[in-house]
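Two complexes are shown next, each including chain A; its partner changes from chain B in the first to chain C in the second.
Moving on to the complex of A and B:
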C-alpha cells in the first residue's frame, strides 16, 4: 500500500481503480474532508452559544440546520467511511488475499457516498440527525427533509454493500493456512461490525421509506393524525442506531488492539478474551436500544429490561480496557503519536462509560435525557474515544500511505490541545445538563452559571478547532514535503509490519 | 496464564458487582417514583408549537404560566397537539415526553415556593429554544 500518493499517477487512475488500496485511499481522504466540514459547523454552533440570544446567527432555523448537518455528517460521513477506509487497506493484507472479495462492488459502495453526501449537504435539513416524526413528516420543510431521507438511503445502501464485501473477504477469501483464531483482532472487529451493519441497518432503511411515504401523505405509519404512532419510529430508529454506536466503536477497538501491542513491544495480554468480548459486545449491542426512550412513556417493566440490557454491555467494554492496560504493563512503550491518541482515547472512554452508566440508571436518565449531559456524553464517546483512536491510527498508517513521516511535534500539539479541549468542552457540557440546559437549543436562559459554562465549553471547542488545523497542516505538508519514512520500521518499534510492498496488478 | 485469567476474572467480578448495585438501586428508586400518589391533583398539560397550556381539575386553563400550591402532590397528564415535545421542570427534575396521540404521566410535589422554569426538552422545530413557561409555587 505504500507510495500511493507519492508515486506520480494520474488522478483518474486512482478514481477509477477497483484496487483495495486505491478505494481505501478514496474512503480515507473523503472521510477526512467530511470531518473538517462537520467540525467547522461545530465551531459555528459553539460561537453562537457563547452568549444567550442571537450571537452570530440571526435565524434559529439556520442554527437548527447546522446542528442537524453537524451530526449527520460526522456520524455517516466521517466515522463510517474512515473505518471502511482502514478496513480496505488492511483486511485483504491481514487475511492474505490479493484484494477485497468483490473489487467492483467495493468501488460501487465507495462511489455511492459522494451522491449521498451531496443530497444530505445540499438538502440542508432541519430535522436533527434523528429525524423524529411527526416533526419530520408534518412540519419539516421540503425538499430539505426529502433530500436528507434519500441521501441517508444511499449512504445506508453503501454501508450494506461494503459490509457484505468485508464478510465475504474475511470468511471466504482468508488464506487456507491462516486459522481464524490467528488473524489480527482488527479483522475480527471488521467482521463483527459488518455483521452488525447487516443485522441493524435494514430496519432503518425500511423506516426511511416509511418516513418518506408518510411525508407524501400516502401512508400514516408515524402520523397520529392518520392513526400512526411516532414512538414506533423511535423503536425502529434506535434498533438500528444503538447497535450503530458499537458499529462506530468496534473498528476503533480493533485499531486499539492493533496499536497497543506494537507500541508496547509486547504480545497482547489475552487474544481470546479480546475476541470473546468483541463478539459479546456485538450481540448485547442489540439489547439496549430503548434506553434512548425512557421518557417516551415506556412501562416500568420495559424500562427495567432495557436498563439491564444496557448495563450488560459494560463488562465487555471493561474487558477490552483491561486488555489495553494489561498489555503494555511491563512493556517498553514507545511514545509516538499513535500511543498518545490511543491512551488519551481510553482515558476519555472510561469517563464516557461512567456517564453512560448514569444515563441508564432509570431515575437519573430523567435528569440527563435530552439535556447537555447527553451531548457531552456521546461527544466524549464519538469524539473523545472513537475519533481519538482513529486519529492515532491515521498517524500510524500515514507512512505506509505516503512513504513519508508526519511531524511528531505538530502531532503532539494536535493531541494535547485536543485532549484538554475535549475535557473542557465535554465535561462542562455534562454539568450544563445537570443545570437543566436542553440540547439542540439556539438560545438559553440568561443565567450567569449557564453563560460561564457555555463559554468554557466554547473555549474548549476553539482549542479543538486549533488542534484540527494543525492536524490538517501536518497531513498536507507531510504528504508533500515530509521526511521520507524508513519503511522497514518507521516507528522504531522493531515490530513486524504488514507486507505493504506486495501489490497485485489493477483489475 | 492461570494467574492472568484470575486477575481478569476478579476485575470483571468487581465491575459486575458495581453494575448490579447501580441497577438494583435504580430499580428500587424508580419503583417508588413510578407510583403516583392516590390523592395527587391532576393537571392536564398540552404542548404545541411553541407554547404550553395547563388545565386544572376544576377546568380553569392557564397558558404559559402554571400556579401550584407547595406541599401538595400533582399528577401531570402530558400530551401534544402537533409534534413531540418534552415537559420539563429542571428544578424539580420532572421530565416526560409530550407525544401526540398519547398521554404520558409524571408527578411531583413542590416543596419550595417561588418561580421556576418550565421548558421543552425535545427538539420541536423553529422556536424550540423559546418554548418556555413559568411555574409559580404558592404557599
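Moving on to the complex of A and C:
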C-alpha cells in the first residue's frame, strides 16, 4: 500500500485501524466484493429472461428475491461504499489534514456496513429494493423483510456518520492556507454529497421504522386496512431516493473532474462553473422526487411542478458535460484506462439523460411507467455512467493502493466489452419497455419481438459479465504480481498527483 | 515531508494479498452456510399484523342459500353530538335495530349519513375495535368516511354463525352509541323460501372445461375466449343429477373454478362446488375435478373465481331444472 503509512503490517492491524487510508482500503475492497456479488445476480436474472417462460428459476418468489438483492446490494453496498472509500483516501490528502476529522467515528461508520450487509444478504427479502407497501407490510414473509429493514437502517446510519465526518473534515480541518475555492472539485463533490445525505436520509430512516411497526401491526401508517396510505410511503421513500440518485452520481462527477484535467494534461476549463453546477445540482435533486409517482394520481399542477423540477437538472448536467468536453479540447490526451472509462461514462450519461427527459414529460411517463424502459434508463445511469467512472477511478487509484500497475491490455478488454455490452443491454431494454414488457417479471409473452430483444439484452449482459471477470482477474493478478508502478508518475502524465509519501502519525 | 530514501514505497505482495483473499472467501463461505442452513427459516413467518386479520376473517366461502336480504341504516346524531346511533339516537326505541340473518344469505346494507359528522359502516366481531371487520362487510373507513348526507351500500355474505356487531368504524363512535347487534344463525332447512333438496335421480353427467385466454390476455373464457363459437357452453341438468366437472388450465394465468349464484361474487358458491381458489389457484397446465349433486333448481353460473376473470368473460350459465 503506497497511500498507507510506514511499513507492511499484519492484516488484523489494518482491519482495526482508524487511519483514513486503512478505512478507505476496507471500504473499497468491500464495495468491490459486493459489486461482484450483485453482478452475479444480474447474470442469473438475464439468464432467466433469455427465453420466455420459467427456465432456470421455477418459483417467481425466488426471482423476486434475486432482483431485490441485486438492487439493494448494488445501490447500498457498491455505489455508496465505493464513493466513501475513495473519499477516505483522498479527502484528507486534498484538504491537507493528517486524517479524517473523527478517525474512530470513521472506522465505526465502516464497521456498520458488514452487519448491515449480513442482515440484508442472509434474509434475501422479496420486497424489491423499494419495499413498497402494501406488499412489504401485509404479505412479505419475515424475518427476511424485517432483516432487510434493519439492515438498511444500519447502512443508513453508517452513511450519516461518514457524511458528518466528511463535512467536518472538509469545512473545519482544511488547511488554513488553502481557500475553499482552490480545493479539487472532488472535495466539493464529497461535501455536497454529504450534505445531501444528511438532508435526505432521515426521511427514509423514519419510513423504515414506520414500515417495521406497520409489519408488527401496532401502527397503520401505510396499511390501507387500518386507514393508512401506501402512497405516503412512496413520497417519503422518493424524497430520500431521488436525491440519493444524485448522491450516487455527484461523487462520480467529482472523480471525472479529477481525472479529465490530469489525463488531458491541461488545467480544468472552468473551476467555478463546475462548483456552481454541483451546488445547484445538489439543491435541484430535492425538487424532483414525485416524478417517480406521476401515475399515482397526482394533480396536474403537482405533476407540472415536479416535471419542471426534474428538467431543471438538465442545465447543470450540461454545464458539467461542457466542462468535461472543453477541458481536453486542445490538450495532450493520455488514453490510459481511466480516460476510456470516463469518456465512455460521459457518452452513456448523455444517452441516459436523453432517456430521462422522455421519462419526465408527463404524458410520455405514462407510457414508460413500470416498463423495462425504466430499468434501461436507471441502469444506463448507475451502471453506464456512475459505475463506469468508478471503474475508471479504480484503475486510477490502483497504483496508489498497491504500488503496482494493472494490465492495460486487460483493462482495455474490460472497457470495450463493457461499453458494447452496456449499450446492447440497456438501450434494448428501453425499446423493450416501449413494446410493453413490464419490469420485475420472470416470464414474458412469447412474442418474437420480445424474445429477440430480451436475447440481445441478455447477450449484452453476458458480455458485461465476461468484462467483469476480466476486471476481477486483472485486479487479483496485478495486485499480486503486477509490474511495480513508477510512483512519481505512474500514468506518465508528467506531474505529481498526490503527496503519496506523506507519513502522518498513526492512531 | 520525508524523502523516498527514508520511507521506501511499499508494494503489495502475493502472500499478503492471498491471505486477505482467503479471509474474504472464508467469511463468504460462512455466510452462505448460514444462509442455506436456515433456507426455510427466512421466509417462514407472515408479518405480525396478518395474524390478527386472519383470525377475524371468518370461515371459507359457504353454500349460498340464495336468500337476499336488505337492511337500511341511517347514521343519526343528537343535537349536542354526544350521543349517536343508527336510525335514532341510542336510548330511543327504534335505535340500533338488531339484525338477524342466516349463514349464506346475501346481505345488502344501505347506509345513509343523516348526521353532520363523517361516519363509516362495518360489521365487526368486537364493537370496540373497528379493525375486527368480518365478512369484508365494511363501507368506507375512518380515513375515507361517508360525509354528511352521502349514501352507500355494501353487499356481503356471512360465512360463520355467531354474534357480531354493526358499528360506525370511525374511532369512538361505537362507544357513543353507534353499535347494534348483528346475529348470524346457521341456515336450517328451507329457510327464507329456499326449495327443499331434490331427491337424487341417479343420472350422472360429466363436463370438461378448459380455461382459455386470448393472446393479449384481455378476453378470457371456458373452452375458447368469450365471443368465439365454443366459448362458455350453457349447461342444463335436472335437479338431483350427479355432475362431474373436469377442468384444465390451458392458459398462462392462474385460475380457479366455482359454481356461484352471482357471477360477480366469487364467494357466492353453491352446492359447495369449487376447485382450488384465488389464493391457491390452478396453475398453467394443471387439472382438477369435482363431483356433486345439483339438488336445487335454479339459474347458477360457473365462473373462474379469481377476481376479475368472470368480468373478462370466464362465466357461463349452469341451469338446474
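Just so it is clear, the second predicted complex is superposed on the first by the 500 of 507 C-alpha atoms of A that agree within 3 Å, B and C clash if a C-alpha of one lies under 4 Å from a C-alpha of the other, contacts with A are read in each partner's own complex, and residues count from 1 in each chain.
One rule holds for everything that comes next: a residue touches a chain if its C-beta (ideal position, glycine included) is under 8 Å from a C-beta of that chain, and two chains touch if they have at least 3 such contacts.
On a predicted model such as this, the values are computed, not experimentally measured, just so you know.
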Identify the partner contact of A:229: answer first if only chain B is touched, second if only chain C is, both if each is, neither if none is. both
Which superposed partner A:11 touches (first chain B, second chain C, both, neither): second
Determine, under the contact definition given at the top, whether A:382 touches first (chain B), second (chain C), both, or neither. neither
Determine, under the contact definition given at the top, whether A:303 touches first (chain B), second (chain C), both, or neither. first
Would you check which partner chain A:269 touches, where first means chain B only, second means chain C only, and both and neither mean what they say? first
After lining up the shared chain so the two structures overlap, which partner does A:318 touch, if you call chain B first and chain C second: first, second, both or neither? first
Would you sort A:366 into first (chain B), second (chain C), both or neither based on which partner it touches? first
Touching A:139 in the superposition: chain B (first), chain C (second), both, neither? both
Please indicate which partner A:476 is in contact with in the superposed arrangement: first for chain B, second for chain C, both, or neither. second
On chain A, the residue positions that both chain B and chain C contact, one per complex: 61, 126, 138-140, 225, 229, 443, 445
Flag every residue of chain A that touches chain C in the complex, lowest number first. 1-2, 4, 6-8, 11, 29, 33, 61, 118, 121-124, 126, 137-145, 147, 214-217, 223, 225-229, 401-404, 443, 445, 476, 479-481, 484-485, 487, 499, 501-503
Chain A - residues contacting chain B, complex: 60-61, 64, 126, 128, 132, 134-135, 138-140, 224-225, 229-231, 269-270, 273, 295-297, 300, 303-304, 307-308, 311, 314-315, 318-319, 322, 326, 357, 361-364, 366-367, 369-371, 435-436, 438-445
For chain B, which residues are in contact with chain A within the complex? 4-5, 7-8, 11-12, 15-16, 19, 22-23, 25-27, 29-31, 33-34, 49, 82-84, 86, 88, 90-91, 93-97, 99-102, 104-105, 117, 119-130, 132
Chain C residues touching chain A - in the complex, by the definition given at the top: 1-4, 7, 9-14, 16-21, 23-24, 28, 31, 34-35, 38, 41-53, 131, 141-143, 215, 252
